[in-house]
């Protein structure tokens, strides 16, 4: 009996009987700060792998009787639980039903993570862009709920996915709402600029140095030619080499503990960058281009999206290296055409630009003062369009 | 979900259908055919286009929004109609593909002069195909995005405010011109694309306000042409405009930014977007027509077949001069179609109405 | 993306692989012709010199100069190409230096390519060289930046100060082809250690006719258009000088009478400037004295302006663009039937210069 207590069980004495009760709960991670979506101001808690604790995190912030949860079973073998959350009368039931039926229709042995789940149920599985947005932050999750979106998550996964999502939603962060509106707006614009830089900067460099020398202004011409002069490869190879190096560094850093990660950063950034230029391996202007587009790619708050964009960038660099500005324009056209063909749970991925809803723009490209947010986003097709009115 | 076109997007889409590379040479065309103050002609032609849109409106009204094909098939025998559809489809496919080739030929003026033009053209064909297989609703969405990607270029016109001089405009109207009729037809080609709204009837309802959208699109394109040509007339002297084939490209190369110059190299690439939509518009219309004949074939396969036919046909004209000749020829044909088809439809509708009344 | 989409992307890439390549113009394999000069040889051929910057930091020289005798400028490019390891391109051309002897023969027919070649920017500076243009370009001026940049910056800076007109390929051909104005172009010449401005050349059609001295250039400037941020130095009498700074000017051309035979035109120029220097007897803090000075300066400038117009009329060159205004006041038929050059040389053209003193600087 003592042995039983010592091994962590509870002893219960009742009259002459003694019961040893096993009160061992399943091991769980404590609620910690999110590693992938950190904010400076605002709440720091993040979802864990426990569905119950995740639900409680949301309930804590949304004490509404309208908050509904649907529980579904996923995976033929694993039989994990998937949860669908929505606010009744705010969320569009079409989305809820569509999502539920898609999850039910899944045919797969095991699903380990929400991010894997959504790849099995999104509209265009072969697209490189994520069509549902996932988050680890309860405050973001709640704001999506009140926008009229539907949430979905899997037991055993710390990320929650919000549907339907639009392309531009991936460029917003909950930090924007905790800053003053002017700063929040400036940050959003900065992210869009970062998006353009990361997609085009290196590609434009390659295009100009390979095909369109006319475009270089007089005072840049000499320094650019000088630094290119010692490089033995054409700009395309040079750029691909550097971009691959950066990707290697990023991938190495991601898999290593933080402290070693720092060493990798120093070795990569200073040693390779500096000596590659000195050895005449790359031109220093390319190093600037590659580095700034790499930094810009990390400005995009959503990691999945930022990875997609970086892949697109490789495509554009190759196109620019083969066909200059023509290739660049064709590449951009192809990306835009692809994006406009995408749907997220049947609604347009490019909302609110196409279909056009100017009233949504103030919460997409800028972050207007809260007093101006009177309507829920049009993409969620909420039956309750005006915010702050819970009646039907 | 509403499976009809929306007003805003239809406007933009028609605008994108209409705009193309004609704008690059438009001041030259105006100066050559109309002479002094040729920019006024833009408004005249726009008015003529509006009359034509009026006819389309009548078709829409009298036909109560029925598809053009249905209207025709109700009164005219299919034996006559199907060859007509095929002929129109061929005209549109070749015209649409030719627009792409024209774009590529202009591109090759300053870059890739030694690359075979057909390679670049086929690349554009693939882009067009990407859009076509996705149907009109995706085309509409993509048009909006491309519109925003290109419309800001109008701001570049501010760069010329310093060199603009009123005195170069002269008070003379249409003097030292050449052939007004030919010039007018050439100019009209820059507006083409609106007539395809005839085939949008089945995709629109009351909330689309189709005709209003076409008119607004036409006003937009008129404004863009007007402002560009007006500024070109104050920026260049008349005889200079007559000598420069693509004044708008030259104007762009005049702009210098501190970090980049000779921007025509880059911005001309963006004209691919508007041009792509001209191609898409025509091939789409051809697809619609063929669909009536080959009802069982899937739209996607039809689009592929049409693109292959179109791009094989335009492999024949080789040098820029030939492409231009073909384009001029087919363009005039298309102007004819744009004016005759609505009139024909109105006649058919009136007969149907009389017959219906008699019954 | 459907399977069809994947197929399209694949086709895309295959085409890309096939295309390109042949038209690469990789930066370090190119030689950028930055300046080109044209001289007339006794046998009627052109001597064309071009200067190409060298980007190699190890090289002692910062540019390479090649000269060739050729019929036309495109001929020359083929010849140039034989003499260098780099592919020569003209997309970075900044300066065209044309010797006076070539300019006197007329520019346009020889320079067809500059309008036709899409690589050449319309922003190329045109200047006339008094003397041997090739020699000017070949020489290195020790105290100055490399010669191409030196010329380019000299012209750019002076054009911003309006002491010379900004004259690029675009402006030159615009004025050349306009029937109401004649082109002008700055003249430079070579000195021992420097390059210096040597006035402004006046053209009739595309032929150089005569020139205006550097001192009078600013007057041509405000008679021809509106100026900003300019400066002028006026010597009223011996030892009496006024210098105006931050000068702005507005020109108004009034056609008082015009028909196919005669024309009467008044040019009003309104100047406004700050006095930077005054060496004279009057006290400037007195308003009436200021008016007095403004009046004398105005009279002085008017006189110089009228003299210049007479000079132009004598040579039948309408460098001020008065023809544009006369044309705009006539009907089209009248303008077509009149011989503007004849009418111009006999026309009654009066200039009126009015100057206003904006402030007198820090001291009285």
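First chain written, first letter: the chains are A, B and C, and each begins at residue 1.
In this section, a contact is a pair of C-beta atoms (placed from the backbone, for glycine too) under 8 Å apart; a residue touches a chain by one contact, two chains touch by 3 or more.
Since this is a predicted model, take the numbers as computed values, not measurements.
Visitor: Pick one for the touching-chains graph, please: line, ring, star, complete, other.
Guide: Topology of touching chains reads as complete, every chain touching all others.
Visitor: State the pair with the higher C-beta contact count; candidates are A-B and A-C.
Guide: Pair with the higher count of C-beta contacts: A-B.
Visitor: Indicate, using Cα centroids, the chain positioned nearest the centre of all protein chains shown.
Guide: Minimum centroid-to-centroid distance belongs to B.
Visitor: Can you work out the whole-Å distance between the CA centroids of chain A and chain B?
Guide: 39
Visitor: Express in whole angstrom the distance between the two chain centres, defined as the mean CA positions of chain A and chain C.
Guide: 56
Visitor: Which positions in chain C touch two or more other chains at once?
Guide: In chain C, the residues touching two or more other chains are 2, 5, 12, 16, 19-20, 23, 91, 119, 121.
Visitor: For chain A, write out the residues touching at least two other chains, lowest number first.
Guide: Touching at least two other chains: 211-212, 214, 216, 323-324, 330, 334, 338, 341.
Visitor: Enumerate the residues of chain B that touch no fewer than two other chains.
Guide: 111-112, 120, 123, 130, 256, 261-262
Visitor: Flag every residue of chain C that touches chain A in the complex, lowest number first.
Guide: Going through chain C, the ones touching chain A are 1-2, 5-6, 9, 12, 16-17, 19-21, 23-28, 30, 32, 53, 55-57, 89, 91-92, 94, 119, 121, 149, 152.
Visitor: Please output the residues of chain A touching chain C within their complex, sorted ascending.
Guide: Against chain C, the touching part of chain A is residues 124, 126-127, 209-214, 216, 218, 221-222, 224-226, 228-229, 231, 234-235, 318-319, 321-324, 327, 330, 334, 338, 341.
Visitor: Which positions of chain A touch chain B when the two form their complex?
Guide: Chain A residues touching chain B: 204, 211-212, 214-217, 220, 323-326, 328-330, 332-334, 336-341, 346, 348, 350, 353-356.
Visitor: Please name which positions on chain C make contact with chain B in the complex.
Guide: 2, 4-5, 8, 11-12, 15-16, 18-20, 22-23, 91, 115, 118-119, 121-123, 170, 173-175, 177-180, 321, 324-325, 327-328, 332
Visitor: Inside the complex, what are the residues of chain B that reach chain A?
Guide: On the chain B side, the touching residues are 1, 6, 8-9, 107, 111-112, 120, 123-124, 127, 130-131, 134, 138, 140-142, 144-146, 148-149, 256-263, 265-266, 268-270, 272-273, 276.
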